[in-house]
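Here the chain labels run A, B, C, D and E in written order, and each chain numbers its own residues starting at 1.
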């Protein structure tokens, strides 16, 4: 088993790809979540309709279909993406649709009286959103965002199906090359779990930070 | 005689099938201190919220400081007001709520400076200087860095008053600003309002169940019932010699419940 | 002509970027990934050498599922597929093949003693309880289907190792891949309870070629020129024979023959 | 490559075969997840620290790692210890276990939402533990959580394509196989997406109805 | 003299650092009607909950009907009680809660029959017959098929009493059973309890702030303060001539708040 350490290197390379995908996907998801989540509470019908369509479409179809679409069908429309881009696009848009509902829920969870205080102080809609509503809503969103990020991390495993050399894919490669099944799968399970723990720890830390001195914002 | 600063002309307002205001008209003079009293559900809060543009009206007209509130004149025509017109009109009006509605994620100072900095572009230094003056006025200069959650109800309400004043509105609306407070905290808020009434020539509209305070504070009292003004007059007239039966009944009940008039 | 110059442009473009994108399969010995992640194996080694001669310094290989290769090629994700994708009329219609590169017969992996007595795909079709595993979209899947094995008895197996495991576990009765692939699997598994049937009776010897996108025929032609030179000089044999492939087999047939075969 | 309706008509029967398997896997997986989740939720409340802790970590682990890898594990590694499962069974177990950790959270919330007074009344009526659970707590806890459970079952439905990795011929696998046979990806993948979207949209309607029907319990 | 049915011996109970009961002892005779009164937080609810085994004790002993409640005697040794022993002891005791705690998913009849059928294996027919008698007694025979949500507070509480009686306990515990009710519904519940006291020889422990009812109902009154019994005696002694200063102060406050004694 002299080669095992070498193959472990391969798996770690896969872990890097997985981390990269998770980070970039999360950024895209976050952007989409805010765009669509706030779009859902817009007063313009068109914006609301667009946001709703986006959310329902991406929540309604499976991440696989989206991935295969982004990878195999988009090129026929002239948009050819690298596997990494396709992966980030599909994952970000998919998880973003779920997170958009979190954003919307959190925005609605801020009491009506806060909106009225904004009006009474003559803040514009965007100003009120930016300085009063979102900072309070953010704290409500954060724990669920953490869960969304873990979902995204797990979803990266399906990009192996479009041949992106992520953790799961490398496990498959190592399995083919070494003939060992248990070792590669067990080690990637452990790595995924460690990454998930890091995410939830990070979110909890962030939450504590943000909640400081804010007792009474929630409930 | 100067022109009225608020001119409410036959406005009506319904929630669903329920008519809250029914052809209500009233006028307020610049600098006047007005108390709105009346039974629960009579529409007192609603008229304040309408003036603050938190509710829309179904019919009628309102003029504030010489301009239409819910309409704009364009080429001699009256059109529904757009957001820009409303924002302009809101500069003239401030409101203090029953439940304070402070921003819980911002410290006292930021609560007071936020609106001037955002809506008027006041530089931070100037906004904070003015905020300190106002906090000093309401007796909370030492709480500038506190978070709302750390304040008592009375303190919160005084911050809310300072926050509304920071925009220097010509008209201030107060909706039962003491009714959510523990009894021992009511007085500190009323004191601030007395001071305000004495020191400024702001127009003030006050909805309250504190009849004693309304008596001392107001130049004129309006008695509301079922979305209409049933009686109005100087505090002494209304409280000592109400003409209408409804007013008499209302005051009798209030006194029975132990309120001082 | 315009098309010609566009094709030339393709090679120019590859030269400029300095590498060609190559799809390979996760299937030794056609391809192999070393512990350090370096890609080798018969198919990529040949492609690397030819591209070098064409002035494209390197290849960037990405491992892909069989099923994803041709769509990937059509979608412009790869410049060429060198993965043991055997030439067959339908495929020749979908892609532009080079001249033959790697040839191999079909084999089946079964339990020791071949308990169901398979010799051909037809034998599997006849036994109503028999199942056969094959890569999705691969040659073996089609051979089995054409031999009359119903769809629900042809199990699509994602990769060789899975296929081996499924035979070991008794989930499928036979797993079919090219001979050399099966041999490699056997070598790694080192399992005395398995047996290889090679070649499968009635299954032709197939040869793969480098597959290009339709429209990249000029690049393909340039590739063919270099391939022919290498075959002649013996360098071709030097590259593929260590992996167990026969250079003679590749040189004894042509693309036109294979693409016309029924 | 243009859209080809004839091709669509030709592959439709195959895809519908796949849809059947997909729905079957979802239903079986949902039933299992409902049971597993209840088991985990009860075990986590166990007075026995060891049981509650280890079940807690096990559930965290399952929830923090990708279903795809878990499926590989169940299908390819378990036979090494003598557990040989047919593909569909392995898939259903994977789905049930994975989503069981989610439904466990739903159960936990549902159980916590039963007021303490109900536990005390049960004790004052001298009911034993089993009777308390079966007659008092669960009948009150479960109806309000039906919408949340249904939500996860819809999510599970969208993850069934993963089963293709362990050779289950569900919708996605059928589509891939069709695509590989004809070298056409656009139609099968788009149809798969359409199937998912239609079924998801229908299930959203069902969900709204469930929320309406079971959302609250009168006290 | 018969032996006491409840014997509480120097029990103590803390919540965290807060000592709620501090070496409390008391005895209750079979058939006795006992009222527990005292200021809020003095531990009245806690002692009832301990008797019902809803809380554990930190120290001391309790004997109910001749047997240890929280301990079992095994080979002359006192061991902590196991669940079986507790279940056996609970048969002797029933409790009615301030907030009724009816099972909201079961109709009135099922609320009453559930426990006898499950814990005693009473056949359904017998359980329902007995339930109808009890419901008749509390005046709710016509509501047998109603769901709890369809009942008023007073009706709910009467069902709760019937439910507790269905197990025929020797001891009934009532914790402020009327304090969550609208004033006009209090009397109907008290009537049921009066009837119960008159018609049965059940031992009853009653925590209440209804001093008038406690006076009429109880054979003996215990006055609690800070987890101790400060004074006890016949209702007349306690309510008319309290000896302790604490008791006097408490009763004075209660009377000032308008309660009838």
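Just so it is clear, a residue touches a chain if its C-beta (ideal position, glycine included) is under 8 Å from a C-beta of that chain, and two chains touch if they have at least 3 such contacts.
On a predicted model such as this, the values are computed, not experimentally measured, just so you know.
Asks: Which touching groups survive when chain D is ignored?
Replies: No chain D: A, B, C | E.
Asks: Taking mean CA positions as centres, which chain lies farthest from chain E?
Replies: C
Asks: If you count the C-beta pairs in contact for each pair of chains, which pair comes out on top?
Replies: By number of C-beta pairs in contact, the leading chain pair is A-D.
Asks: Farthest chain from chain D, going by mean C-alpha coordinates, please.
Replies: B
Asks: For the Cα fit of chain B against chain E, please give the angle of the superposing rotation, nearest 5 degrees.
Replies: 175
Asks: Roughly how far is chain B from chain C, centre to centre by C-alpha average, rounded to an integer in Å?
Replies: Whole-Å distance between the two chain centres: 82.
Asks: Could you work out how far the Cα centre of chain B sits from that of chain D, in whole Å?
Replies: 55
Asks: When the C-alpha atoms of chain A and chain B are each averaged to a single point, how far apart are the two points in Å?
Replies: 46
Asks: Express in whole angstrom the distance between the two chain centres, defined as the mean CA positions of chain C and chain E.
Replies: 84
Asks: Residue numbers in chain C touching 2 or more other chains?
Replies: Answer for chain C, listing residues that touch two or more other chains: 71, 74, 158, 165.
Asks: Quick check on chain B: which residues sit in contact with 2+ other chains?
Replies: none
Asks: If you look at chain D, which of its residues touch at least two other chains?
Replies: In chain D, 1, 76, 165, 185 touch at least two other chains.
Asks: So which chains actually touch one another? I want all the pairs, not just one.
Replies: A-B, A-C, A-D, C-D, D-E
Asks: Can you list the chain A residues touching chain C in their complex?
Replies: On the chain A side, the touching residues are 3, 5-7, 9-10, 13, 71-72, 75-76, 80, 83, 161-163, 165, 169, 172-173, 175-179, 181.
Asks: Would you mind writing out the residues of chain B in touch with chain A in their complex?
Replies: Touch residues, chain B against chain A: 52-54, 83, 87, 90-91, 93-95, 97, 99, 101-105, 114-115, 118-119, 147-149, 163-164, 167.
Asks: Which part of chain D faces chain E closely enough to touch in the complex?
Replies: 115, 117-118, 120-121, 123-129, 131, 135-136, 139-140, 217-219
Asks: Can you list the chain C residues touching chain D in their complex?
Replies: 66-67, 70-71, 74, 90-91, 94, 133, 136-137, 141-142, 151-152, 155-158, 162, 165-166, 168-171
Asks: Please name which positions on chain D make contact with chain C in the complex.
Replies: Within the complex, chain D touches chain C at residues 1, 14, 76, 79, 84, 86-87, 164-165, 167, 169, 173, 176-177, 179-181, 183, 185.
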